[in-house]
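Both complexes shown next keep chain A, but they swap its partner, so chain B is in the first and chain C is in the second.
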Partner chain A sequence: MPLDTSAYSLALLRVDGRRWNELRRIHAQIRTQAAADGSSYLEIGHTKVMCVVTGPSEPGSRRGAIGSTGGGVGGGAVGGGAAQSKGAEVAVSIVIAGFSSVDRKRTARGDKRILELQSTISNALAASLHTHLFPHSAINISLHVLSQDGSLLAALINAATLACVDAGIPMTDYVAACTAGSTSTYAANDEAADPLLDLNHQEEQELPGLTVATLGGSDRVAVLVCESRVQVSRLEGMLAVGVDGCKQVREILDRVVREKGRRMVQEGTVEKGVGLNDMDVD
Partner chain B sequence: MPVTILAPKAVRVGYGANPDHSDSEDSGSDPEGDVSMGLKRAAAGRKAAASGGSGSKYEIVTPGEVITDDPQWMRGHGTYVAPATTSIISSVAGTVTRTNKLLSVRPLRARYTPEVGDLVVGRIVEVQAKRWRVDVGSTQLASLPLSAINLPGGILRKRTETDELQIRTFFAEGDLLVAEVQQLFADGGAVLHTRSLKYGKLRNGVFVAVSGMGGGGGVVRSRRQVWTLESANGGGPVDIVLGVNGYVWISKHVETPEGLVDKTSGITNIEESVSATMYSSQNDRIGPETMREIGRIRGVVTALVDNGLRVDEDMVMRGYHEAVEMAMTSGEGPEDIYLGGERGEQLAAALTAV
Partner chain C sequence: MPREAEPSLNEKQFIVQALGEKLRLDGREFDQYRPLELTFGDQYGVANVTLGKTRVLAKVSAEVTVPYVDRPLDGVFTIATELGPMASPAFEVGRPTETEVLLARLLEKTVRRSGALDTESLCLVAGQKCWSVRVDVHVLAHDGNLIDASCFAVVAALRHFRKPDTSIASGQLTVYTPAEREPVPLSWLHSPFCVTWSFFGDDGETALLDATWAEEQVRVSSCTVSLNRHGEICQIAKLGGVPVEAVALLQCTAVALTKAKEFSTFLDGKLAEDAKRRNKGGFMAELSSENDR
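Up next is the complex of A and B:
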């Protein structure tokens, strides 16, 4: 069903009742799997992804590393980033569950779309993670898509970032991602179109959109993927809204990590830190 | 199609209400203004975190958070210095520690990082020409050179090419061993040794992997990592090895060669007894009572980890006695070794209450 853009101009509400600058509900958890080095679960609206990080560990055929792809559809791991001799290799594998979208689509093994997602995530994280600290090792990031409703790449990047934080892998900053779009189609050639933040599946189908990821709270763009036709004049606005959305996403991810950390310190699992004020004493 | 309005979602704690996006603002899309506001907010957040070390003492630092701008501090593990600045920024989520002027961040959880002198339990993953590669739960496999083990037939015996050919008779893939970290490489790799009668191949017991010194509870470095416990209910003595890397070994106690010293005088006899048992992969007979008590200790260790308590000699001993008591008071008597779920919580509560 086509998105009724006239309704947007009347009420300034999108199909799911959001305003132009509103994110969907983001719910995230870390340390969802006790046995893994790092794990996370992330929901952006109805997009639900799960991530498990193994490593940094010795690459090669070790017991845990064999048989990474279980059921569903997906591709093999794609490695990227730093050269193996210099730093850890970041290998990402994505499995998209057959039941994740409305129609049960069988994705071929080695699907180009999945391969591209894998290498995008791998490169983005390899740039932020301090891989030089772990020479001759590999960081395996395994992502599972449980439900799809737009902004898939953004959700995958966010989940992978959280899992890496949980695994205690040093990184420059969070890589936070979100999508941005425009209120009218390319064909409409509407110069006055508003930018939109965080597209859902329906909007993603109808409207031009891009995925942007930034390094933490800075304006440094780590990932910028645009797969639709859009007038170049509209791109700037979309990018600005996207970058702002990334900052909001970073705050949300940060809050999840802090909450978990505070609970662990309270429970006595981790020793308390020293405040900087205490440090000034001597 | 009319605008669909979904049912309201659960209240978003904290981040739901976004004061920057008030109703008056949505008529015109003004990305510029929006971005600047977002920036200001982020900057304010950073400043608050940097100035106070945060108000709550339970607060942690997260990646990208500025710990301090003061150039008097030196950066340690878990931090980095942004190029062309003096500010020390955290690279992991964890708690800040300091040693004099050195600031470091201890991660909430990470893989084990070996240190010289650590007692570790490991598993052989690979056999090479002159060394074994051992999984010790670290970022890299540790190596155990053939020259760093006690060869049967005497400590002073020379290593020969025959030993290299027979390398699998000492340790083969999948064997468990207890060893000490002898040396570290610059890239973080460790070299192990078993040149003591305390170390060597493990048998007659059960292996448990919990989180180690990387952070987040689990096994902590302590005075004693290996001890013998006289188990209840006729289980006999049980050895417990808490590897600093979080690998735990619980086994039936067998008389060590040190115990034989009194009976047999002369060093050659000791070494012969070593050769007979040291590299054997054959388990001794273990009575059902001993097996049950080993299982109970394993339950104590996993219950401690599940409830976020540290695993050391004191906690395991107290936990074990508590578990024996709990089994006695429960209906099934000593046969009841279940310590998961509520039972584990009950155990943890009893231990923390003291």
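Up next is the complex of A and C:
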């Protein structure tokens, strides 16, 4: 048994020593790849992902990547290339490294799970990015998973958001994501179950959980994915904790971007803009 | 690749503005489904579901195969979806579109991963022989809300299906024909149903159930919730799109639960009706040599 739930109720500590409402350490960097338009590197605990954004640029041949058109055409549209759309197309491709998880396994190229992840990230970002400013163009987001330890979708969304910020693509707000779970398995119908924030791999295997992504500091949910059986009464608690976690994640992402900006001004890489007069450079 | 024509700007504005005035094109309430119909085929395990103009056929088949090496005690259970050019010119054979991939993934998560079918009961001889149950979903006509219709068809077909009876005597596996022994139903644990919400408006403030194809093309985001009648969520998928208030999503889930219960009662009724039709009045009636003539 990876996670002994009885131990949790005794000490209220999870397998990695966290309390129910604690995030794992989030470490993020932006502008990691000098040659790319935008890039980021993000760690949530032991989940490590890299993201590179190219564009907005002229759309090339779009094969292998799932794209969604911006400009308000959401989940319903079938395909819909950049030629027909009013907004830029957001194409996402995900590469999961063979060494990223404990047991090394090759992922098939047309893996439906990865296609679903790509489509989710693409649709989530397309709603936040101002794609209507770049008609007939493509924004290519390529994500690389270096290490997996739970909350993969959340890490991918956060990394993609940071890279889009770095690429300077106008967007409404950060799309910040995290996971939430619930103690005790789905079979037990006890009301005393605590919600948990930010599941790691062991907890993800054992407990019901969901991934939430919200737009900025609001309560508006862009992505909600739940893949396990859970009582409908537990959803409210899990969602509340998840949305709260997203707000914390947003603050962390915002700090990373501001810190990088401050350093770039200090180093003289960029001119201090007029809007940044109140920024504390020293 | 042929593409579905997008609705014109006028059409889009018309639909959205009408929804703002609490009106749908076909005059339904926002949380009302189109008339749902279910017919079973002559064979066991064929379900034909129509939801308005959307029509989905699910067929279940079973054969004896070798189980996977890493799961010697489990049977094989697959759901295959096929969106052919019959449903829409935008669908091609052999090249899955995004819609098809997401549909297949949703059905898999709803029915397979939630453990609706007890795959361990499909095992015949550990590590050597097991049943492979396969559901083929054919979309015959596409007028929106494929997900709910397909999920209902899959669950109905699986619950209707009977697999041949088997016995093992001294290591010898015998599969009986329907004439020798009555086929047996699958070991079914719970019936999950998908309920899809579509959101409209700049902030996704208008929520509709059972969107038609025209509405689906205009919607800004969607959320599919799968539930069974015991109030267990099997899966939630809001895969991007315009963000929606968390409280609104919770309300949607609550309404989805009542819809799932309605589906469940409807399916139970239809299955009982079909069982009555097939049962000619017991064993004595079958033995009787009298006929209608």
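A few comments on the model shown:
Here is the rule we use: the second predicted complex is superposed on the first by the 248 of 282 C-alpha atoms of A that agree within 3 Å, B and C clash if a C-alpha of one lies under 4 Å from a C-alpha of the other, contacts with A are read in each partner's own complex, and residues count from 1 in each chain.
Please note the rule applied: a contact is a pair of C-beta atoms (placed from the backbone, for glycine too) under 8 Å apart; a residue touches a chain by one contact, two chains touch by 3 or more.
Here the structure is a predicted model, which is why all the values come from computation and not from measurement.
In the superposition on chain A, A:Val232 makes contact with chain C only, while chain B stays out of contact range.
By the document's definition of touching, of the two partners only chain B reaches A:Met264; chain C does not.
When both complexes are overlaid on chain A, the residue A:Ala126 reaches chain C alone and has no touch with chain B. Partner contacting the larger number of chain A residues, of chain B and chain C: B.
Contacts of A:Val243 after superposition: both chain B and chain C are touched.
In the superposition on chain A, the residues of chain A contacting both chain B and chain C are 240, 243.
Interface of chain C with chain A (complex): residues 1, 3-4, 6, 88, 90-91, 96-99, 101-102, 104-105, 108-109, 113-115, 198, 203, 211, 216-223, 227, 231-247, 249-250, 253-254, 257. Of all residues in chain B, only 1-6, 9-10, 12, 14-15, 18, 21, 25-27, 29, 31-32, 34-35, 38-39, 41-43, 45-46, 52-54, 56-64, 67-68, 78, 80, 89, 91-98, 106-111, 125, 133, 135, 139-141, 187-189, 214-217, 306, 308-309, 352 touch chain A in the complex they form. Only residues 1-2, 4, 7, 11-17, 19-22, 25-26, 31, 34, 37-38, 55-58, 62-63, 88, 130, 133-137, 165-174, 194-195, 216-217, 237, 240-241, 243-244, 247-248, 250-252, 254-255, 257-258, 260-262, 264-279 of chain A touch chain B when the two sit together in their complex. Chain A meets chain C in the complex at residues 66, 68, 72-81, 84, 110, 112-113, 115-116, 119-127, 186, 210, 214-215, 218-227, 229-233, 235-236, 239-240, 243.
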